[in-house]
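Some structures are shown below for you to check.
Common to both upcoming complexes is chain A, partnered first by chain B, then by chain C.
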Partner chain A sequence: MNLQRILAIAAKEWREIVRDRLFFSLAFVVPALLMLLFGYGLSLDVENIPFAVVDHDRSAASRDYAYRFIDSRYFRFHGYAGDERMAGQLIGSGEVRVVLVIPPQFGKSLAQGRPAAIQTLVDGSFPSRAMTTKGYVTAINAAFSLAAVAQAVSHATGLSQQDALAQLTPIALESRYLYNQSVSSIWSLAPKLIMVILMLSPPFLTALGVVREKENGSIFNIYASNVSRGEFLVGKLAPYVAISSVNILLLWLLAVLLYQVPFKGSLLFFLPATLVYVLCTTGIGLLVSVLVRTQVAAMIVTMVVTMIPAVLYSGLIIPIVSLGSGARLVAQLMPAMYYTDIVVGCFLKGVGLLSLWRPLAILAVYACLLFAIGYRLFSKRPNT
Partner chain B sequence: MKADWQLAWRRFAVMLVKELKQLGRDRVLLAFIVYAFTADIFLAASGVSLSLNHAATLVQDMDHSPQSRELLSRFQSPYFRMDGSVGQDTAALAALDQGRAMLVLSVPPQFGKQLAGGQPTSIAMQVDTTNSVLGFLATSHAQQIVSQYGLESAMRRLGLDDKAAASLPTVQNDIRVWYNPNQQDSWFMGVAEMLNIATVFAVLLPAAALVREKERGTVEQLIVSPLSPFGILFPKVVSMTGVILCGVALSLFLILIPLFAIPVKGSLLLFFALSGLYVFTTAGLGLFAATIARNLAQAGMLSILILAPMLFLSGAWTPPEAMPVWLRGLMYASPLHYYLDIAFGVLLKGQGLAELQPAILGMSGIGLLVFGSGLLLFRRQFG
Partner chain C sequence: MADTIIRASGFGKRYAGHLAVSGLDLAVQRGELYGLIGPDGAGKSSLMKAVAGVLSYEQGQLEVFGQLLDSERSAEAIKDRIGLMPQGLGQNLYGDLSVEENVDFFARLRLVPRAEAAARKEQLLTITRLAAFRQRPMKQLSGGMKQKLGLVCTLIHAPQLIILDEPTTGVDPVSRRDFWAILAELIASQGLTALVSTAYMDEASRFTRMSVLHQGQKLAEGSPAEILQRAPGSIVLCRAEPQLEAMRRLSAIAGQCEAMGPAIRLFLPDMSAEQARGRVSTVLAGLDCQQLDVLEPELEDVFVALLATPGANGQQAQTLAALAAPRQALDSSALAIEAKGLSKRFGDFVAVGDVSFQVRQGEIFGLLGANGAGKTTAIKMLTGILPPSSGSGMVAGADMKQAGALIKARIGYMSQAFSLYLDLSVVENIRLYAGIYGLNRQQTALRLAWILDMAGLHGHENDLASTLPMGLRQRLALGCALVHQPRVLFLDEPTSGVDPLGRRAFWDILFRLSRLDGVAMLVTTHYMSEAEHCDHLALMFAGRVVADASPHAMKQQLLTELGQLYQVRADNAAALVAPLRQAGFANVSPYGTALHVLTLETERLGMVLRGLGVGQPPQVRPISMEDVFVQRVGQLEAQKAAQKGSP
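On to the complex of A and B.
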């Protein structure tokens, strides 16, 4: 390894990047823009669910029941529908996601102290959303039902309605939300977005940079020169790692200042650990670029091996524990999952090297391995 | 007149063959297209689940009464999974810290006695809400279990037996979930992943095919040929559309229908026709990026800039109702949003042309606009 040659290659690469002004600015703009877009747009909260009511009863009780939903911030009232057929059309067209069907005699049954039934239709095209919606519907229904029972009990026993209600709910559930007290999405989302964006942009930059030389043929200058394989790879990758390091700071600042996510850990641990992760993802880019010959293939392969796993198998949307075994294996093979532990630990849990040394070590080994394979496969004497 | 028409057709056929050959010779790329449309979709559909199942639960029972055991035994699968008990608060916190448990339930001493005596009591639950959706679901299910148990024990104490309870004015809510009655995530995940992959290829392939010509200089050859700008761009898009439709067919007939039993309620012909329209539309976006970019690296970054928002903000992950208004506006400009409605509408809901009309109109409108402006830009550059 000759430092001077490495520097020469790095300087050449740097100049090439900077002179392509559109590319250079996109290298910084894309990560920041993604952070903004997803931070504001990728909310997993299910709120304002549009719903309609089919009221066959039109009694005080049925209106009261509907109002429990209309008043809730989780639902947005779309209007009354005439019959089930119209309601079905509303769900089919996606205008509403929930329809409450209140049968005739609903109010009368309750007034006479008999059980009553309600039918709820839920649009199941998005299963997770349907699950959450079911949770809301069940909770509101339970509250209404309990109030009705309390009224009946107070009639029967002579207790006041409030006392009856207290008697019927002897156990309170005191929930404590850990790590994200307000259960607000952005706090849990922003740190993971750093993970996703750093998974996307470094390999992309790197793969394109190396394959470009291959496809344009300028790599023959390297083949013919006295620069060694290692020197070439180190010099070539250094500018891309430098760009990504600036992006680390940029993304961290956006998370802390714009989204006000509390950063409970220490920067002295977070920054080096993130650098290791960036080395990992850069290594993925390197490996792809060594394997493919055209930039088109480089782009698509990087996209498929980074973007989709980064979103699905990293714990961004779905926690690793609820993945199936096949997907969990993929998750464990990708660096994203380990870095998720680190970034969430640093931001929300405030833990440091002591509890996070294991994922960090795995990332370091991962990075070394990727570079070693890339080094082995990169040859100055190509077959063709 | 007739000769003109024949000539145009022959030019089109020649260009089409050229594009397909060029694509076919990039073996790595072809292999990845096949991988993405089969193995990747299989993994997504089989492994990824957004619902709460088997949440790792630890209990801290300081009461050890029949009542506490009865209540805790109700935390069962599919939502919860009992992973044993912990003695101390610190052990519980450590388990949560390391992600070994998602929730810890603590029953205070005297719980059973207070319950039997009709005094108000409480149990504590600590939830890891790093994933806020699952945190919410876990809390809501736990709340249901606890209040149900509380109600039953209160009834018993008040001397109301089961028969009397049946005559109370309770409201039974019968929830029916349409289109996916068992809420199988594999249906949603599989189809959504297929659409995502199709989108990735629909933007990248034509963009790359055009920029490559620019970068290598072969575009000059095309321009001096008697081909019109439209004659250059159109075969590119058609060939890529064909390849992507083959990929969609591959994943539908090889993976989604045989392995995951996705019910095809509507017409497959309609689905493929609309998929063709969609890929064509989205290819317009890729071409748009390709006319702006001067080399492939730029085109790549620009396509990420187009693709990532399209994939994330299509409404598949985030319900449109929950987005801020300005982003919702942006979403309506994304063809994937309409295609999502169309694909789920045809495959799961069995909708036809009539119901899908607004989505189809929206998609074609965007397609014409983008394709037209891409063509205009290209013509200005090389006209």
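On to the complex of A and C.
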């Protein structure tokens, strides 16, 4: 290893990156942009569901029932619809996602203690959202029923309505969410986005940077000189690791300042651990770059080998434990899952090396392995 | 022998089942400028990369500096002594880095000590005249300058062997001559050995020795003179009317017979100049013979002679049998293309300025110019792809401003890249173009048969376009451009990358199309030797037409203005450049082992040379289109520089 050669290659690479506007934005702008776009776009909270009411009853009770929904932060009242046909059109055009149909005689039935049926029409085109919506509807409906029963009981027994309610619900459920008290999805999402973006950006930059030289022929300058493989790879990859290190800080700042995610762990553990992860993903880029010949191929292959694991097999959307056994095995073979443990642990749980040494060690081994394979496959005297 | 730098024995290289080179033997001695000549796909690059130790190979042995290259480790042992400049204009350089930063990078990569690197950099930048551009980003250099910078970067660590892969491809003729002059100077002054490849046959005489490669095989090896002796004979250049009848008679006596505009050029093997003159005179008896010159064969003639197989001859015989009589009455006075004051401006930049020319029906019109001279922009305006900023034009009887769609239906266009669908078969490609031009089933069948005949594609109907050799691919592209029987054909650098045999077959087809079917053609080319096939030429420089005449007239004008071209042979040719220039001969340039001098003062040249101790008298050489181009552009550049100098 000769330091002068490494520096020559690294300096050349750095100049090319900062002078090429496209590459520069790919390096510094795209990661932050992804953080913003995903952060605002990928919210998994279901709130402000637009809904309409078809009220065939038009009684005090039916209005009372509708107000239960109108007042909820989970629903946004779109208006009353004349009949079911109009309501169907509203759902069809996507203006509302839920329609409540209150039958005639609703108030009278309740007052007489007879059961009344409310029809709920839910837009089922996104199953997970529809299920959540149905959950909300059920909960509000249950609360209303309970209140109605409590009222009847208090009427019959003379108990106050509050006492009657307490009698009717002997078990009160008290839930407290650990690590994310307000169950805000962005708290859990932002740290995982750091995982996704650092899975995408470093391999893209690395693969394009190396393959660009292969494609235009400047790699022959390296092949034909007495630069060693190691010197070339170190010099070539160092700028990309440096760029990703800057991005680590940038993404961390965005998470903490913009999305207000609490950071409970220690930066002294988080930053080096993230660097190991970046080395690992850079290694993926290196491996792609020695296997393909054109920049287009490099982009497609990198996309496939990074995007899918980062989104599906990392715990970003579906927790690893909820995956099928085959999918879980895939997840365990990918580095993303291990870094998810680290980043979530650092941000939300405030744990450090003591509990996270295992995923960190796995990432380190992963990185070493990728670089070893990349080094082995990179030849200065290829056969094509 | 200690001084053999490169020795290949039985060298062969295979790519995924396809053999690029096989059984090649070669030896390059210290101090030689060794050439590898051949068309694309001849195996030049594979051999050069293997010699540079950047490509593994399967067959035979390769020794460089006595070191057997058989593994990555052994190849490393020679890399401090070699410099490689791979193919492609500036492709191995870094576009966003300045000239100086590029050089510095190579120096640091090669661990050249700082002081030595600085000194060499100054020296090399001065020789290549790049010193004034050291701050300019590489991507803003012209093609010729990029190649010179590539040479500087290759030489910065003082290698003993340099390997240059097609350094002059895509570079305009002026810059090409400049590059060769600089290379010759550097090789002489630095004691280098060089392995250089080229696809231009006319560059062959610049090498000390060379190998002519074709389809991975060595056709010939030796000095230019030795190779020329492989196919002795004479070239006859004659003009006789009617040309079609002359062509028919002459092609019966010579295998190599081609039309050069209004003239005919043929190669008569094993005949002396007198025999050849007599033979042609007899054959042409009864025709109006206006010109009959006998010349020496050039390397391209030898190449074609070496390659000519019975199959190729058969094909030419068949095509010439069709030369009976014009199939339709030709109105040669009708204008096919007329450009009047065409201009195209992009912001402040004038890509094409006030260009006017006329092309008659049945005429082959050549548009010459360096990269960026405005040729492609002019073609795009005439074909209705790009609206002109000002000026007007008529193409195939329609106004190009108003009748864009009509023009497109009446013209054919064949682009540089041949615009074929490589994953479709020959027939599928033709059917696709027939469909695009709206031919019905019956017309399609007729044209399909015609194209297969014309291009000699029988037996290849169901081959994928990607598997065809370049020559056939090019003729298929021509057929696709002709599928709707256009009256006007635009050809943008149609022969790039095709071997000489293929190029000749191609020009033969173009000749028949123009003379028999009356198709007008506008051709751009950077092969100056091909410009001589045209009936008429327009030379473009910096967006303007600066010369507009027949090739013959252009040469005559140069002869009257600047005189004859003389070749001076001497042992110390390179050392004679300076004294000759001092003696007032401005147009002196080194040419391989000889000098070329263009002068009106024949007697004084002889005297000065005798005074310099040169025994052999200077020989008259025929002027080539390249000489015309280089001289004209040289004059124009000098004018431009003078204008800039005096505001």
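Quick note on the criterion: the second predicted complex is superposed on the first by the 377 of 384 C-alpha atoms of A that agree within 3 Å, B and C clash if a C-alpha of one lies under 4 Å from a C-alpha of the other, contacts with A are read in each partner's own complex, and residues count from 1 in each chain.
Assume a residue touches a chain if its C-beta (ideal position, glycine included) is under 8 Å from a C-beta of that chain, and two chains touch if they have at least 3 such contacts.
Remember, predicted model here, so these are calculated numbers, not experimental data.
Trainee: Going by the contact rule set out at the top, does A:272 touch chain B (first), chain C (second), both, or neither?
Mentor: The answer is neither, since A:272 touches no partner chain.
Trainee: Counting only touches as set out at the top, which of chain B and chain C does A:104 meet: first, second, both, neither?
Mentor: Neither: A:104 stays clear of chain B and chain C.
Trainee: Mind working out whether A:224 is in touch with chain B, chain C, both or neither, as first, second, both or neither?
Mentor: Touch status of A:224: second partner only.
Trainee: Would you check which partner chain A:50 touches, where first means chain B only, second means chain C only, and both and neither mean what they say?
Mentor: First partner only, chain B.
Trainee: Thinking of the overlay built on chain A, is A:349 touched by chain B (first), by chain C (second), by both, or by neither?
Mentor: So A:349 only meets chain B here.
Trainee: Between chain B (first) and chain C (second), which does A:381 come into contact with in this model arrangement: first, second, both, or neither?
Mentor: second
Trainee: A:79 contacts which: chain B (first), chain C (second), both, neither?
Mentor: In the superposition, A:79 touches no partner, neither chain B nor chain C.
Trainee: In the superposed arrangement, does A:19 touch chain B (first), chain C (second), both or neither?
Mentor: The answer is second: A:19 touches chain C but not chain B.
Trainee: I want to verify the contact counts: of chain B and chain C, which reaches more residues of chain A?
Mentor: The larger set of chain A residues in touch belongs to B.
Trainee: Please identify the positions on chain A that touch both chain B and chain C, taking each partner from its own complex.
Mentor: Residues common to the chain A contacts of chain C and of chain B are 20, 216, listed in rising order.
Trainee: Residues of chain A touching chain C in their complex?
Mentor: It is residues 2, 4-5, 7-9, 11-12, 15-16, 19-20, 216-218, 220-227, 379-384 of chain A that touch chain C.
Trainee: Spell out the residues on chain C that touch chain A in their complex, using ranges where they run on.
Mentor: Interface residues on chain C, with respect to chain A: 15-16, 49, 52-56, 71-72, 75-76, 79-80, 82-84, 86-88, 91-94, 96-97, 101, 105-106, 108-111, 137, 153, 163.
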